[in-house]
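A, B, C and D are the chain letters, set down in written order, and residue numbers restart from 1 in every chain.
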Amino acid sequence: MSSAWGETVKMSIFGESHGKAIGVVLDGLPAGEPIDFDAVALQMSRRAPGRDSTSTPRRESDLPQVVSGILNERTTGAPLCALIENTNTKSGDYDNLKRIPRPGHADFPAHLRYGGFNDVRGGGHFSGRLTAPLVFAGAVCRQILQRRGVVIGAHVSSVADVRDDLFDPVNVSADLLSTLSSAYFPVINENAKQKMRDKIEAARLALNSVGGVVECAVTGVEPGIGGPLFGGIEPVFSSILFGIPAVKGVEFGAGFGASALLGSENNDAYYYDGDTVKTKTNRAGGILGGISTGMPIVFRTAFKPTPSIALEQDSIDLTAKADVKLSVHGRHDPCIVPRAVPVVEAAAAVALINMINLKTGGMEV
Amino acid sequence: MSSAWGETVKMSIFGESHGKAIGVVLDGLPAGEPIDFDAVALQMSRRAPGRDSTSTPRRESDLPQVVSGILNERTTGAPLCALIENTNTKSGDYDNLKRIPRPGHADFPAHLRYGGFNDVRGGGHFSGRLTAPLVFAGAVCRQILQRRGVVIGAHVSSVADVRDDLFDPVNVSADLLSTLSSAYFPVINENAKQKMRDKIEAARLALNSVGGVVECAVTGVEPGIGGPLFGGIEPVFSSILFGIPAVKGVEFGAGFGASALLGSENNDAYYYDGDTVKTKTNRAGGILGGISTGMPIVFRTAFKPTPSIALEQDSIDLTAKADVKLSVHGRHDPCIVPRAVPVVEAAAAVALINMINLKTGGMEV
Amino acid sequence: MSSAWGETVKMSIFGESHGKAIGVVLDGLPAGEPIDFDAVALQMSRRAPGRDSTSTPRRESDLPQVVSGILNERTTGAPLCALIENTNTKSGDYDNLKRIPRPGHADFPAHLRYGGFNDVRGGGHFSGRLTAPLVFAGAVCRQILQRRGVVIGAHVSSVADVRDDLFDPVNVSADLLSTLSSAYFPVINENAKQKMRDKIEAARLALNSVGGVVECAVTGVEPGIGGPLFGGIEPVFSSILFGIPAVKGVEFGAGFGASALLGSENNDAYYYDGDTVKTKTNRAGGILGGISTGMPIVFRTAFKPTPSIALEQDSIDLTAKADVKLSVHGRHDPCIVPRAVPVVEAAAAVALINMINLKTGGMEV
Amino acid sequence: MSSAWGETVKMSIFGESHGKAIGVVLDGLPAGEPIDFDAVALQMSRRAPGRDSTSTPRRESDLPQVVSGILNERTTGAPLCALIENTNTKSGDYDNLKRIPRPGHADFPAHLRYGGFNDVRGGGHFSGRLTAPLVFAGAVCRQILQRRGVVIGAHVSSVADVRDDLFDPVNVSADLLSTLSSAYFPVINENAKQKMRDKIEAARLALNSVGGVVECAVTGVEPGIGGPLFGGIEPVFSSILFGIPAVKGVEFGAGFGASALLGSENNDAYYYDGDTVKTKTNRAGGILGGISTGMPIVFRTAFKPTPSIALEQDSIDLTAKADVKLSVHGRHDPCIVPRAVPVVEAAAAVALINMINLKTGGMEV
């Protein structure tokens, strides 16, 4: 219950937005796993800011520097630590934050939680920038999973009221997931993307912001992974997904929609496809009783609109104990959802690597 | 990642539906807390089966027997263990389960997970019956929380497409929550309840089932509880809520709805109410940056329809490796949502007691 | 950091000496493991009180009742809970404990820790009786380990200044360990046992008590189990061994003796025995860098003398805030070391099962 | 069970001896704590190599670079990460390690554990160098503890058979501990130090090494900290102490010596010193039932002799599968015990900060 997560593979995230660097330690990775750092860099670039007008103008190369745990481009089995420097910081933008909390931000409750000693510059440890180490961790873990047949991919399924097509939860392919997971602002239906861009641009021009949903799928998870109660795929995945800043909802398979169905509509009928047990539909999202069924795992994660907006809002002055007006300046994403896609995929990778049995060269890890 | 959960107060749930008993150990409770066992019994009865035609005809008194950790109706500070006997078991109903998995149930993936050695009678450890120990744990924890000003209450916010009113997230009162949390099948708008009952009865008569949503609110949580990333209220709460069987979605505050809003619509404006900082709206559900704002905590949990239905479904015979038809007989709830209300409240209580600082008579626990 | 321990196999111990029952939950056992309950009963009887004049006259059958997790004498993979009833309780003996703490006991610090609300009857949750559930847990785990070639055995290596022979750390055999681990008051050199008994009887007649040391060995642990820093065999074993009441010292291999050696004396030279790497000596106790070498694991655990003695001692009256004299009556062991042998073995079994990779019928657990 | 440790304050250590850097993340520190980095540097220098002929000639400045969690020399409450660069590496010394494991080192079991992919240069993650981040962590935690009245200090209580005086466990003063904990090679009786130095120099000249014992005391721990079974001070402290490379034994209070005592000799009699409860002796080492009594906490940690010695030893060639001779060259400590003193103190600080209740400016952490 902190910035650390995991049991068999423990992830400890550190750093503040305008500090020296942010980073992550991954403890418990199997040894001998080749890590392709070009593939890691690709994931980092998908999340990095400043790509286009849908994201903050702050530019960071976000190239991770590996401190430990890698030798000759393979994992050594010792904890892997990577740093990502903060180079492009403009702390002057944030001078008033201690006094006037931004609506929708952690400013006010964090001020109480840390007695005013937290680093508020750029949101400090609450900044969305802290998802960069998570993407790094996921980029490492997904390669290890992929070598075992698991492929993870996600897309922007909605921005405000503009919707992409949803995954076909029965037939979603590893190929589609691979394509999505190497793209910036991935969608299934390219027509949706332009409408989403328009929506984001309109919000930006209106000094406002919009939210959206990321849908993620995982193929190649063998049936029988997970467990009952708190060891299920849903609780384990959600405990990391809800750790992503701005996430306010998570649902698996039919999710909230399942609550409106009859049992006969929601149950997925079994059948044999040759020797393999499959289900004709997949409203379970590949999970029953917390355990993988062998069908694709499918879930959706809802992101609230970026709280930092230049529109004038009502806030308070904690020093004067008075109501005041506030316009949040600085550099912000009018919509974080496109950049959140690789973050959701990364969370899934870190969650999943904690639920499968890992071995190194025949040795248990 | 098992049937155990928690850090400062560890909860370990055990038992199988048709075994000798089910139960729970709570390790880490503060000492000296008076526990009112009538109040505990009330919570157990809210979840107990057999109350009316909306639930399974299986009747269990579900009176917990305290084995340890209580002396003179106060906590001793040692682990509290309670047992709930299984008295009304009809295992004959379940003979075919090992061979023909029920669609929508854990049967098939659990068979793989446990190599066929799991107890399938009544769903074994995957049974919804395992929520009884959770309700017991919550009934103990909520009393400890209530003594510190925290009140938890929930209602059936929807059954299929029938909706109750939602909580006013700004003004929801401890009184309303107290009333809801002592009622069976609690709703805010009594008119909705009869329509929900009709929906459930229709499903029952059609040998089918329906799902629904439980909305829960918590008042009296002081601002500043929780933390960033995986220590936030959302990830901690969700990791126990998704452990409740049949839960497929969880959202906080505006939740998925927030994804369709503009920043200016979703941000909650601050103002001073005397010396107290409040927000005019509460789309955050009382949580920013994973930390409590002091406003009511509000979240919704989506339950899928009971997978056990008497309607004929397509399944498979794992022995014959052939497709077969299946009608699930036995005693089942046409809708589990009314009985799930105290379970959701209990999950919130156990989650929250792990996030606040507990003391015993001036001593740290 | 509580009465719960473990990661892959979590053990949660509960109960108080004069409460209704004590017991344990084991969460994470592999499914399908046959459990021989006669073998479990044998371990329980080795620890049970009242066998002869070396132990307390309190008699308890200590037959564990399995509540969950076992079906047809095999593990189901769900949490295994077992209860051990407290039948022979004489609480009248302990009436003064809240006022006058016994020297050498937990009475005084526990009074502060729990604000006076802890159950002091028979020592409550601090009683040595709480080792019974640990022995049960170990009896289950050691069967699972034995099926994988691991054998655990221990002996009373000293009582006061009377010493048994020590294990030959290079050649200790599984046969010897099996023999020891089914005996009450096991020693290697039978001559030592009578002298130990004499020492204990002399202490008993003098209304006093004596301490001693238990030496334990484990064979069949494949090389490569464990890890660096806090994941090593020594930290993991010690964190459970020091949880046994009355333990004040733990050492592995040459232990404290190694501190007086030269490097050339303490290093164990490698050689090939056919294709197998062995060491000529085993001062490492089978552990280097926290990892098993394949040689027998050997460690010693020091027990202080039973603090409850009938001899008059100086204590205080917490109510009167005055110094007083105290003679501890009731039924106590003049030496707990013989009964502690199966407890140490059990701790080793629970520790070790958390460090190896468990599978069920080809599925990972 | 890894290189991460702790619950309320989680410590995650990373790095390899000849990698880019080593370091640590501390997650869960209270916010607003002033950290004196001169005091931190003092602790680092006490452990740093190359001070005199008792330690390895490898010189490292070991100045920690804080990456996060500190602002204006105070903790922010976010995870504190610090790096320590590896500047003075001579990897050429270690080329044969993969083929010919050093007796007494982790080389052979680590080779199996990691399938040969671990970084063997300088011992990699198994190097004693990994105690530098632990000393850093302890240097931070001890300042926070000291502000709450807790003082930790240790001394070299023996080198081979040369013994320093032991602490007076009843009257050891915070002043003595403060003096010891700012010294290099601290002893109580200065006469002992020269004899220890002679012993070490003799070993060095003989191309050999010697072991020793570190005794540590902690004053100012209020009574009532800790708990029964695995939550006791002994199991918690030992689980970190045994994580220090080369530690083979840990004992508290009279420790192994208590096993030779009568109950009347080992029990510590209570008395009132004004309003304060004290004990006349302190064979318990300040701990009963796992809980602090308010008397000084005293424990001893046994270190084996440095396994790296230039004397010829018997080893094996894993490639040729043949027995060979080996002399370990490179730069090594003839005795690590003087440098281990601050490491033991640091372990105690990190353990203790996990057992007390921390607050930040009135807010719970």
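Simple rule for what comes next: contacts are C-beta pairs under 8 Å (C-beta built on N, C-alpha and C of every residue); 3 or more make two chains touch, one makes a residue touch a chain.
Here the structure is a predicted model, which is why all the values come from computation and not from measurement.
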| item | value |
| --- | --- |
| Between A-D and A-C, the pair with more C-beta contacts | A-D |
| Taking each chain's C-alpha mean as its centre, the one farthest from subunit B | D |
| Centroid distance [mean C-alpha coordinates] between subunit D and subunit C, Å | 26 |
| Centroid distance [mean C-alpha coordinates] between subunit C and subunit A, Å | 45 |
| Between subunit D and subunit A, distance of the C-alpha-averaged centres to the nearest whole Å | 38 |
| For subunit B, residues contacting two or more additional chains | 2-4, 7, 13, 78, 112-113, 125, 224-225, 228, 363 |
| Partner subunit B, residues of subunit A touching it in the complex | 1-5, 7, 13, 101, 103-110, 112-113, 125-126, 130, 158, 160-161, 203, 206, 208-213, 223-232, 234-236, 238-243, 245, 247-256, 258-272, 275, 277, 279-280, 283-285, 288-294, 300, 302-309, 311, 313-316, 318, 321-323, 354-355 |
| Subunit C partner contacts - residues on subunit A that touch it in the complex | 7, 78, 224-225, 228, 356-357, 359, 363-364 |
| Subunit C - residues contacting subunit B, complex | 2-4, 10, 12-16, 19-23, 25, 27-28, 31-32, 65-69, 71, 74-81, 83, 112-119, 124-125, 360-363 |
